[in-house]
Structures are given as C-alpha cells and as structure tokens.
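Next come two complexes built around subunit A: one with subunit B, the other with subunit C.
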Partner chain A sequence: MKSRVGVMAVMGLCTIYFLAPIWWLFVGATKNNDQFTGTAPMWFADFHLVDNIRELVTYRDGVFLRWMLNSIAYTGGAALLGTVLAAMCGYALAKYRFRGRELLFNIVLSGVLVPATALALPLFLIFSKAGAANTFWAVFLPSLVNPFGVYLARIYAAASVPEELLEAARIDGSGEVRTFFTVSTRLMFPALVTIFLFHFVAVWNNFLLPLIMLSDERLFPVTLGLYTWNTQVNQVPELRGLVIVGALLSITPLVVAFLLLQRFWRNGLGAGAVK
Partner chain B sequence: MKNRAVPIFVVPFGVLFIAFYLVPIGYAVVQSLYKVERSGTFGPVREVFGGLDQYQRVFQDGPFWASLGRVAAFGVVQVPVMLGIALILALLLDSGLVKGRRFFRLAFFVPYAIPGVIAAIMWGFLYSPNLSPLKPVTSAIDFLSADLVLWSIANVVTWVYVGYNMLIIYSALLAVPTEVYEAARMDGAGQFRIAWSIKIPLVLPAIVLTTVFSIIGTLQLLAEPQVFRSFSSAVTSTYTPNLTVYSTSSIPNFNLAAAFSVVLALTTFVLSFAFLKATQRRSAEQ
Partner chain C sequence: MKGVSVRRLLASLIVPALFLTACSSSDSDSGSDASAAACAPSSAGPVTLTYTSWIPGIEDVVKVWNAKNPNIQVKVQTGPNGNGGTYQNFFNQLKAGNAPDLGQIEYDALPSFRVQDGLVDVGACDNVAKAKDQFIPWTWNQVSFGDAKGAWGVPQDAGPMALFYRADLFEKNGIAIPTTWDEYAAAAEKVRAAGGYITNFSQSDINQFAGLTWQAGGRWFANDGQNWTVNLTDDKTTKVADYWQNLISKKLVSTVPPWTTEWDNAYNSSSAWTWVSAVWGANSIASGAPKTAGKWRVAPMPQWTAGEKSAGNWGGSSTAVFKGSKHPYEAAQFALWLNTDQEALTLLNEKANLYPATTAGTSLPALSKGVAFYGDQKIYEVFAQASTEVAPDFTWGPTMTATYANASDGFKAAVSGKGSLTEALTAAQASTIQTLKSQAIPVKE
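This part shows the complex of A and B:
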C-alpha cells in the first residue's frame, strides 16, 4: 500500500513537470502584453485569446497562416508520400529475393545513421547550383527520403504479410503491384501509420534544412517563422505576444493528432524495438 | 517472374535516396577538398583543388573541438538521465501499482509533439528572470548564465524526449508475455527484483535503440541552442558542431563548412555504429 502511494506521488510530480509548461503557454496566450508581465503567470487574467489570435493572423497580411499552411504542405505531404515510397521499398526487401538485396538494405541502413543535418549544407549547395535553393521543392523533395521508414517497413512486412496470401493472390492472377496496394498495405496499415508519424515528426523537427535553404519568409515553415520573430523580440517587443500565441496555435493540431493516433505509436514501436 | 515487379517497388525510393542522400554526401566530400584562392589582394576569386587543406583547418579549429567536447559532456550526462527516467517511468507504468495508466502515458508523451524550436522558445521564457512562473527560483539562479545554460538546454531536450523513449521501452515491456513474470512471482520475487532481473534484460534491445537515437540526436543539437542565442549571450555561434557548420556556411565559407559536415557525419556514424556493434557482441556472449 505504501509503495502505491509513493508511485502515485512520482507520477503526479512528473505530470506537473511535463504539462505545466504547456499550461503556462496556454494561460500566457490569453493575456495582453501588460498582463503577461504584470499578472500571475499560471492563472488567467482577462481572457484575450480571441483578440490575440485575430492580431496574430492579421499581422503583416496574415503571414502566420501562410507559415502554418507551408508546414502542413512540407510535413504532411512529405510524410504521406515518403511513407508510401518507404513502404514499397521495405516491402520488396522483405518479400522478394533479388540480386543486390542485401547490399541495398545495408546501404539504406547506413543511411539511418547518417544524420539529416549533415545533408543540409551540401543540399543547399546543389540546389543553389541548379538555381532552386529558395523554393518550396528545395525543402520538400529532400524531406521525402526516410531510410528508417524502409527499415521499419521491412520488419513489418516480414511480420504481417503471410507468403501464402501472396501466393493465393498470384494464383488468382493479381499483379504484384496491385496485390501490394489492395492486400498488403491493408495488413501493414497500423505499421504504416507508425512510419508516417515518425516521418512526420522528423520533417517537422528538421530545422537546419529550411534555415539554410530558405530566404523568402513566405516559404518558411511555422517553426522557422516563429524562430525569426523570437530573434527580433528585443527590438520589437510586441512580437513577444505574437510568438506566445503563435507557439500555442502551432502545437495544437499536432498535440491533438498525437493523442488521437497514440495507439499506433505503441503498437508500431513495440514491433520495431523488439526485433 | 514475380521479381519483375521489384524495380517498380524499389526504384522510386532508390532514385530519391541517391539524389538527396548519396549525391549530397559525395558532393560534400568533393567540396571539402577544394579551397577558394584569390590571385593578388583584389584579383579574381577561383576554386582550386586543395587536397586535405580544409581538414587540416578543421583539426586546428579550437572552437569546433570545444563544441564537440561540449556536446560530448552534454551526452554523457543528459542521455543516461533521460533514458533512466524513461526506463523508471516505463517500469512503474508496467508494475500494476499505477492507477490511470492511460492518462499518465499520454501526459508524459505530449511534449514529444512540440518541435524543438517551439519547446526552446517556451523554456527560454520560463527561464527568464522576469517572466518565469518560478520567479523566486529564476531570480536566485541564472539558468541562462554561461555555467548553467548547457544544462538548461539539456532540460529542454529531456522534457521533449522522455515520454517518447518511455513509450518505446513500455511497448517492449507490453510485448513480453505475462507468464514470464508469473513464475518469478510464484517463487516469491518482489516487484523490484522482477524489474531488475527479468524486465530490464528483456527490454535491452529497446534501450539500445533509444540510446543510438539519443547519441545521434545529441551530436546534431542545433534548434535548441540556436533559439537560446536570443535568450543568452553565453550561447555562441559555434556552441555546437552543427551551429559551427551553419555559421561557417553563412560567412560564407562553403568548403570549410563542408569539411565540418563530413567530420561530424563520420563521427556520428562511427559512434552509433560502434555502440550498436558493442552491444550486439555483448548480447551474443550472454
């Protein structure tokens, strides 16, 4: 009994540690500039959240909304397409025997250990040479590649798509590619969601690539946009409020999506880590 | 016959992997072998082959090695602390002593949804002496001072990633069939003993995985220190290896920056690979 009380106390303290900063951000986003410094930081003063949001989305012709849309396009688009590509490659590695299979797998696996940030500078140099450095594609195209996704897809395909089923599909005259999209992806679906989530977070968190690549602020993802505002807070104090509200708005969709998709994390991570 | 489909599956990823992974690596190596030369003080600038000149500069670059030392110190402290907390929380969640497991699992995982840049901005405000809800603490201790700021950044990284690592370890614990514990419990083993002698060895692969990712992540530190430069003058433009790459490329000195990139990527690759191999050998011996 005593140990249960102790354990629950630890759990409670950790909950405070993990959630208090987010609570602080939420409370801060509801205050105007005077109240932000003048009132108790962890509790509400007058509720200005709606006014603050209106100010944020109209500031400089709504550049913040543009950043949000950019982030969705970069991250959502790259993760969706990247997951399909990684799944196809991993599936082939698991289900077919072909020449160069081991070599391909080992090269891809080495790619997992090469940090994405090491690629940012040479990618910038290459895109500059092609005259495409400061464009949407310069951030989007490199973000499609996810070697870790291929690794996971191979494990999941081997574990969840039975040979007999593929043989049966072949006897029925279904082409290999069609079988993959109609049968195999369905069996691999929980795993694919996991790969998607991993990829999503990796692209969302890749800060160096857009930082080096982009100079036009209308192409910025929201992280880079808020970062540039934050660097100007000392010169332009009213930006501080916008940074706080912007930070809250930028994390809300992601937190909600995470909570909804949480069971996929658990299942997929379990399979990936045990192997 | 059926193998005819293989190119359709492999080529789309393969092409992108070559174009945006292998080619940039090769290009970085090539760039790092060149140097910019100027004929006379005002003469035209041209790129000439410089052999290993840039690497010589990398190895003589004090700030770069200081930054590697800094992230090494960071990693030696932060990674075990973070993974230790993650392991303890995973074991507690799995112990049957916790009511409301679902809630706690979610609560601890939420910070992972927050990008490093945003987390760093939030904590930057929380550390600042005037705005912090912990004013009595932040006015007594300067978390943004030269002595402490590295550990303040470590706290941000820990805050974001504990829940994620906990979930990986917890998932591995859930995958263990409960009969394994039943026998031990029948023999009178307590919770602590079961955790130490049975559970931890069984989830070792998950711990290895999280360690490798943490090593890679530590060497790549960029977003958090870059944000902290607005909060603390102690964070210089060469504070971490990646910041050195970025600031060298903004000079611009692309050849030297490429050499930094290559050295950093190699260091990361060798360290994580060596760690993987070392742990594999140990588990093979057991």
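This part shows the complex of A and C:
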C-alpha cells in the first residue's frame, strides 16, 4: 500500500513535469500579444484562441497550412512506406537463411549508431550533385530509411511468426510475398505500429535535414517554418504570438497519432505475455 | 539567445565544409580583372535570379522590381535568419555549387564569406561603384573592407544606436537625462534608489556590446592584407567592459536573458528605465512593452567625454552576389535598386522596419514623422544624426559566430557572479585566435 502511494506520487510528478509545458503552450496560445507578456503565464487572460488561429492561417496567404500539409506528407508518407520497408527487411533477415545475412544485419544495425544530424550535410552534397536539392524528394527519400525499425522488425518476426505457419502457407501454395502481406504482417502488427510511431515522431522532429536541404518556403515542414518565424521575432515581434499558436497546432497530429495507435500498442505488449 | 544551441550544432557540423581556400580579405588586386569582365550583361534575353533573404515581406518589394524589369526576374527564397542556419546553408551551397545568385548577409558575417572567397566583387560594376557616395560612409566600408574600388555587397540597412529612456520616470524622480557615461552611472544609483533598474544588461547580445565598444573607439579586428589581428582586449574595450562590470557588480542593472517574455516584462512593468539600442529597437519596445506607450523618448547615446559626438552601431546587413552566379551583372543591378531606390527603401522600412543605409534614405517621409509610442517625438531624426556619427573604421572578424558564442558564455558567467566581462573577453580572444588558426586563416598574435 505504502509503495503504491509512492509510485503514484512519482507518476504524478512526472505527469505534471511533462504536461506543464503543454499547458503553458495552450494558455499562451489563447492570449493576444499584450497579454502574453503582461499576464500570469500559467493562467488564462481573455480567450483569443480562435482569433489567434484565424490570424495564423491567414498570415502570408495561409503558408502555415501549407507547412502543416507538407509535414503530414513528409511524415505520414515516409512513416508508412518506411514501416513497410523496415518490416520486409526485418522479416527477410529473420526468416530466410542466406549468405551474409548476419553481416548485412550488422551493417544495418550500425546505422542505428549514426545520428541523422551527421548525415544531413553529406546528403545535401549528394542531392546537389543529382540536382535534387531543394525538392520534396530531398527530404522525403532520406526519411524512408529506419535501421532501428529493421532491428525491431527482425526481433519481432523471429519471436512472433512461427516457422510452422509459414510452412503451412507454402504447402497451401501461397507465394512468399503473399504470405508476408496476408499472414506475417498480421502477426507482426503490434511491432509495425511501434515502428510506425517511432518513425513518425523521428521524421516529424527531424529538423536539420529540411533546414539544410530546403530554401523554398513552400516546401518547408512546419517545424522549419515555425523556427524561421521565431528567428524573425526581433524584427517582427507580432510573429511571437503566431509561433506559439503554430506550435500548439503543430503538436496535435502527434497527439492524435499516439491516441489512435496506442490501443494496438498495448495489445502488442500483452500478446506474448501469457502463453 | 534561443538560437545558440542550434548555432553551436551547426558550427560544429560545418568545419569540414569550410576547407575552401582561405584567402586574405582586403587584398585589392585579387581577381579584379576577372570580375571586371564579369560585370557585363550575361545575356540579351530574360534571366531569372534567386535571392535568399529572411526579411519579412521581402516578396512584396521584389514584386515591384519584377514588374519594372521583365528581363531580370527575381525569385525570393527564404529561411531562418543568418546565424539561425541560413549562413551555414550558404556555405554548403557554395561548396555544392548551387548557391543562390544573391543573398542577405549581415555586416558581421560578410568577412567570413569574403575569406572563403564566396562573394563577387560588385564594385566592378560602374554604377555600383558610383553609388558609393549615396551611402553613409561607414556602411560602405563594411562592404568594401577599406578597398578603394571593391565592394563585396551593397549595404542594405543600418542600426545606429541611441538611448531609449522613460521620460516620465526620469522626470518624476528628478533625474536628469544622462549625456555622458559618468552621468549614466550616477543616474543608475538614483534609479535603483527609486526602485528601478537603469537598464537590463544583455548577457548574450555580444553585438550590442560591440556597438558600445565601437562608440568608445575599440577595434576588435584588423586585416593588413596578409594577416588578421584580433583585439578583444584593447584599452577601449576594457574600459567599456569595466564600466558595465561595475554596474553589474553593484546590482544597478538587471540581467534577465534578452528577447524573452521576462525581458519584455522588465520594460513593460517599468522595472527597466532605459535601453541603449539600435534604431530597430524602437519596434521591440513598442511591441514588448505596450503598457508604457507614450512614455518613452529617444536621446543620443551617452558619451565618454562630455561634448563629444560619437555613436555605435548594432546590426545591419548587405545584399551580396555569390560566386558561381551566372548573372552577376543583373544581380548587381537588382542589389543596387533594392538598396537605393526610394520606393524600395520605403517598402523595406514599412514591411520589415529596416533603416536605410543611404543618406537620402534616412530622410524618407516615413522616417520624418512623429511616432505615437514615443509621445510623437520624431525619433528617427535622432537616429539619422547618430548614423553620421558612427566611426567608419570598425572591422568585423571572419569567425564572428564562434567569437559571439565564446564571449556570450563568459558574459553569462559574469552576470551570475562568476568571473568578469574582461575575463570573458580575454577567453574569447584566445579562442577566436584558435578558431582562425583551425580554419587556416592567417592570424598575427
């Protein structure tokens, strides 16, 4: 009983710690510029959220909405395709025996150790050579790769897809690709959700790559767009309010993705627990 | 400032990209014949130029040019401010060979591009060279690096400094408006006794401190055509550093981080009474401290010797043409128009609060009016005067990002009582020399 209280206290503190900045952001987004500096930061003044959002989405011909759509295209697209690629790769490494399998896996795994930031500049030079810097693809293509996803997929495929099942599918005449998509992905689904979420967050937050690659404002993801505005606050102080509201709106897709997908996630964690 | 960690990260990433040949800067004969040939129309047909700038609303200014010049169309690209990542992008793009034709570069960053040989000498274009006299002399020196003929950019805007002060509070407490730094320090005691702070000392705006030093006669960098010299600890700089250290030690100035809501609040709540800042600071106070509307006034900067007339500068940028541009002539024409045409200057001032670098620009109609936030004082007249009082011979170094970061670390320590501003500058001096050496830029110790 005592330990339960202790645990709850620690959890409570952590919750407050993580939620306080979001609360601050929400409260800040409801204020106009005068109130933002003049009133208590953690509590409401007049409620201007709707006005602020209207101002944000109409500022400079609605470029903010464009950034949001870009982010969703980069992130959603890269996370979906990237998850499929990682799943196929991890599955193949787990289920097929071929020469150099471990070597290949180790090479992929070493990719986990290389931070994305260190790759941004070389990628820029490569894309420049190909004449593809400052395009959608310059951000999209590098975002497809996810070595950690391959690792997760391999571990999970090895544990959750029984050889017997694959044998049975083969005997029934199913091709390898069909087996993968109809049988194996179902069994791997919780892992795929995890990979998707991790990948989604990683791409959404990948800031340096678009910063280096893009100079056309119409291609910016929302993170880069808001950062750009934030660096102009000294010159155009009105932008500060827009950055706050924009930051609030920009985290909503992440929150939605987590709320929708956490159900599957929990299923997955429990799946292997009782056998 | 917010950008520091990102800046650091970027700085650490670029070092490998920087190993372009380091040539010495104000070398007058380097490549002048090549650029003379370069300044001729590149083709008879229409050309399209790319121009990267983070000036808010720059598209609207460019539209005016595009409408008048069907054969030279300019396409605007944007990004974060220079130190926030755009300079790094310029360096990367120069290396990759896909830099824009034109770019916005602040005066303090221009030498680093010059040293990396990334800029076209637009002074080779006759009409640009002739425009020299239209500019306030010190701004032209920022782009010519003292060279008689060359110009590695066209000056765009300036940040002459003056003293913003709360007229109502000074009057109510019977304190005279300081005209010398001695009077300013004496006023600081009285302001503190009245419950306020005379100002907020910025722990991270090293370029503001540079402006104060500039006024006092400190010269941080010099280049003799062969070697750079670094002098962050000369007598004048030390005098300024000791002066502010004294105010900090006596707790006569507040030291909240600048450009935060806390900082806005110090002005909004009448806790900070003055700000020695650049012309663009007028807008920062107006938006950060709305409750104090009508109570501020502007006076010339306090002087080191009574009766002197000397001002500092904080900020300002140029429009430069990058090496590798296929249309340097056309690009130079645009840069010249953007920064000398009265219509363009009016728009830049209206959209982005830029303060022109031309003499004619400082008397734009928009800059001759009273400003309501300052009790209808014609504050820009004070700045126009200050602009003529800025010493023309201040040179920035080729690695200012690193110097700023180093000094800012020391300043932060100093305001929290560990070390002093002078120690911070001594440390920054050593690390700046180190940075120059590590980039193979010749430096004399």
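To be clear about the criterion, the second predicted complex is superposed on the first by the 246 of 275 C-alpha atoms of A that agree within 3 Å, B and C clash if a C-alpha of one lies under 4 Å from a C-alpha of the other, contacts with A are read in each partner's own complex, and residues count from 1 in each chain.
The definition used in the following text is that a residue touches a chain if its C-beta (ideal position, glycine included) is under 8 Å from a C-beta of that chain, and two chains touch if they have at least 3 such contacts.
Keep in mind it's a predicted model, so treat the numbers as computed, not measured.
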Fit-or-clash call for subunit B and subunit C when the two complexes are aligned on subunit A: clash
Partner chain(s) touched by A:108 [first = subunit B, second = subunit C, both, neither]: first
Subunit B versus subunit C as contact partner of A:41, first or second or both or neither: both
First (subunit B), second (subunit C), both or neither touched by A:121: both
Which of subunit B and subunit C A:175 touches, first, second, both or neither: first
Superposition-derived comparison: subunit B or subunit C, residues of subunit A touched: B
Partner chain(s) touched by A:211 [first = subunit B, second = subunit C, both, neither]: both
Partner chain(s) touched by A:133 [first = subunit B, second = subunit C, both, neither]: second
Touching partner for A:89 - first (subunit B), second (subunit C), both, neither: first
First, second, both or neither for A:231, with subunit B first and subunit C second: both
Touched partner set for A:65, first subunit B, second subunit C, both or neither: neither
Clash-bearing segment of subunit C, relative to subunit B, as chosen among 44-52, 242-250 or 404-412: 404-412
Footprint overlap on subunit A, comparing subunit B with subunit C: 36-37, 41, 117-118, 121, 124-125, 208, 211-212, 224, 227, 230-231, 233-234
Residues on subunit C engaged by subunit A in the complex (per definition of touch): 2-3, 9, 13-14, 16-17, 50, 52, 54-56, 77-81, 84-85, 88-89, 92-93, 95-98, 100, 259, 261, 264-265, 268, 280, 283-284, 287-291, 352-353
Subunit B - residues contacting subunit A, complex: 2-6, 8-10, 12-14, 16-17, 19-21, 23-25, 27-28, 31, 89, 92, 95, 97-99, 104-118, 121-126, 130-133, 159, 162-163, 167-172, 174-175, 191, 203, 205-206, 209, 212, 216, 219-220, 222-223, 226-227, 229-230, 242, 245-246, 249, 254, 257-258, 261-262, 264-265, 268-269, 272-273
Subunit B-touching residues of subunit A, taken from the complex the two chains share: 3-4, 7-8, 10-11, 14-15, 17-22, 24-25, 28, 36-37, 40-42, 85-86, 88-89, 91-93, 96-98, 104, 108, 110-111, 113-119, 121-126, 141-142, 144-145, 147, 150, 170, 175-177, 180, 201, 204-205, 207-208, 211-212, 223-224, 226-227, 230-231, 233-234, 243-244, 247, 250-251, 254-255, 257-259, 262, 265-267, 269-275
Complex contacts: residues of subunit A adjacent to subunit C: 33-34, 36-38, 41, 117-118, 120-121, 124-125, 128-129, 133-134, 208, 211-212, 214-217, 224, 227-228, 230-239
